[in-house]
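Same chain, two partners: chain A is paired with chain B first, then with chain C.
Up next is the complex of A and B:
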């Protein structure tokens, strides 16, 4: 627990100095949302119906920037190696990093909701439930995303490699999050939102456990 | 005997002999390759607890690789080593707890201040991370006035000083110094000499890779020379500068 707290404090310090980077990712996400609306055209029904999908696609695309960036400071002067030699446990380092990425993606997702409402004329009858879905979906992206970001950080073409590895894996998250968001925004007469939420919870539970175990093997020589 | 180190090893063979205290390092047949090139080939040596050894050799001779294997930063492809009695493969965590490495890489975060960088290391080590506890350490490397400045504003020499402070924070029984004089100014050289003395006074064993043969010879008990990844020579460090530097042609066969 001491190690996890130490790693979390380190992440907090690093994130507090990376506000500009987070802002840049938010602008990227907002731009993606705007471009999707141009692609559909001025059909409000179509825009409203596709809004949840576009929101999650924008978040998924933004996540690759956030995740790739999250290990840059660790690799710049081999800071990660330095921590492991102290020794910091790889598990603590992973969970702190994954939690920091989760927090960033959740904030990003929440910040994009008002934009989505404005651009797509969407409604938001259950904002707290939507917040929960965004948090669960962001957790589903950040757990494997953090692991893959660590794996690809040393690769020359890491900006390409990370999405190539991550996107196929998080298809269940994308489907479940889009479905749950659609049901929350467009109505849920059959009460299906819980089954999609459960799928998200199951995916998160599996990946947060598994990736924590695998991280040590990925970052150690 | 200045050579308190048990440097009776030559080319991979030696007699272990009876020991009361475990050696700081007991390496046997260490090999490491990067891709198809062998960076270290069958290197065996011993360093007695509390002694200091200089590792010399030309660029690419395997000095850094050797130090990184002993510190467990990377694995040996063949061979093994015991550090302070602990196996570097089976007891990696224990080895790490008792070893400090000053690497070529600074292990620092550019966006954080000198104090924050030290505090991160201190927290992982379970040590006091308050300002008052860390400032003396920064003062020791003459960086106290820049404690609250981001590392990104530091010169290469200042980064090296901060990396030295970070290394001192770990109170291990073995300290591995990879080119500690690199990027430092003459006062920095004297600082390293002084810190070297501090480490020896603590009872730490020191393995130091350096190109400064005369300086290293004055500080260390024993020396080893690597050439093309192989252990080429070992003996009293004071003999090394008189052997024609690191020219393989002038070095005698291993002893």
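Up next is the complex of A and C:
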């Protein structure tokens, strides 16, 4: 636990010094949200109906940028090896990094919501529930994303490889998050939002435990 | 920690070709029974006969990925590179079979459902599984170090395999256009015999392919892990100062 707290403190320092990078990713996400509307045209009914999908696609695309850079500092001067020699357990390093990525993606998701409301004329009757779905969806992206980022950071063509590995894997997250967001925004007469939330919780539980277990094998030399 | 110095035995090609020969014979017999002996199906007519290729491909794709998962797990536990070679072979053959599965499904979907592709959960998850394992093949291609390549792709396979049960059970979890799994109790014997013959045919043919591909992977691993050749001694010109 002490190691996890120390690793989290390091992540906080790294994140607070890279605020400009987070802002750049947010601008990227906002641009993606703007561009999606060109695929549908200026039809407000269509835009409103597709808004949850556009929000999650923008967050997914943005996540590849933040995740791909998340191990950049650790790879410089073999800092990751240094941490493991301290000794910090690989599990503590993984969970601190995954939690930092989760926080970053949740902030990005929340920041994109007002843009979505403005651009697509979307309604938001249950903001707190939407916040919960964004947090669960971001957790589903960050757990496998952090593991794959650690691998691809050390491989050739990492910008191609990370989405190639991550996108097929997080399809259940995307489907469940889009469905749940749609139900929250457009109405849920059959009370289905809980079943999709449950799918998100199950995916998160499996991947947060499995990836934490396997991370040690990825960073060992 | 994987030890690259442990030599992996390289199997000969004989067993692979024998399995493929046996598989091809069974496939020929099963296809003959399915095309010429089995009667027409009352609702779909002759179109249903693609089932004799499609269903065995589906079963064996699952088997190939299950074997890849087992090989990945065995590699992580034993650090023996013979499991890495088997893992590579199973993923590659599994990807080819999953591609064939999507293609056969499309050929079947057009006359029965009226479209080449439907966003049915089973079709979608099969396509997702195909792309997930293609990603693992790409990962193997982009990592030069054999130890990292073997470990990382084994980890990625274990995570991607979590998708396979979702594919299998998706028909039960969601209402879908795709038919539910049949059992021998619900299908007449005249349909079951060619289906089972072809299923074993595809199984043996696939086993042959995996065996041969394992051999290629083992030979490449042996070459990659061979110690570097000694530097040649410098040739001195006659009369040069020593």
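In the analysis below, the second predicted complex is superposed on the first by the 221 of 221 C-alpha atoms of A that agree within 3 Å, B and C clash if a C-alpha of one lies under 4 Å from a C-alpha of the other, contacts with A are read in each partner's own complex, and residues count from 1 in each chain.
Assume a residue touches a chain if its C-beta (ideal position, glycine included) is under 8 Å from a C-beta of that chain, and two chains touch if they have at least 3 such contacts.
This structure is a prediction, so every number in the text was calculated from the model and none was measured.
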*asked:* Output check: A:2 vs chain B and chain C. Expected answer is one of first, second, both, neither. What do you get?
replied: first
*asked:* Just checking: does A:172 make contact with chain B only, chain C only, both, or neither of them? Give me first, second, both or neither.
replied: second
*Touching partner for A:87 - first (chain B), second (chain C), both, neither*: first
*Should A:154 be classified as contacting the first partner (chain B), the second (chain C), both, or neither?*
second
_Under the stated touch criterion, which partner chain does A:97 make contact with: chain B (first), chain C (second), both, or neither?_
neither
*Is A:10 contacted by the first partner chain B, the second partner chain C, both or neither?*
first
*asked:* Contacts for A:79 in the overlay, against chain B (first) and chain C (second): which applies, first, second, both or neither?
replied: first
*Determine where on chain A the residues touched by chain B overlap those touched by chain C, and list them.*
221
*If you look only at chain A, which of its residues touch chain C in the complex?*
144, 147-148, 151-152, 154-157, 160-161, 164-165, 167-169, 171-172, 206-207, 210-211, 214, 217-218, 220-221
*Spell out the residues on chain B that touch chain A in their complex, using ranges where they run on.*
71-75, 92-93, 96-97, 99, 101, 103, 105-112, 116, 120-121, 123-126, 166, 170
*Mind listing the chain A positions that touch chain B in their complex?*
2-3, 5-7, 9-10, 13-14, 17-18, 73, 76-79, 81-88, 221
*Footprint of chain A on chain C - complex, ascending*: 1, 76, 124-125, 128-129, 131-132, 134-136, 138-139, 142-144, 148, 151-152, 154-156, 158-160, 162-163, 166
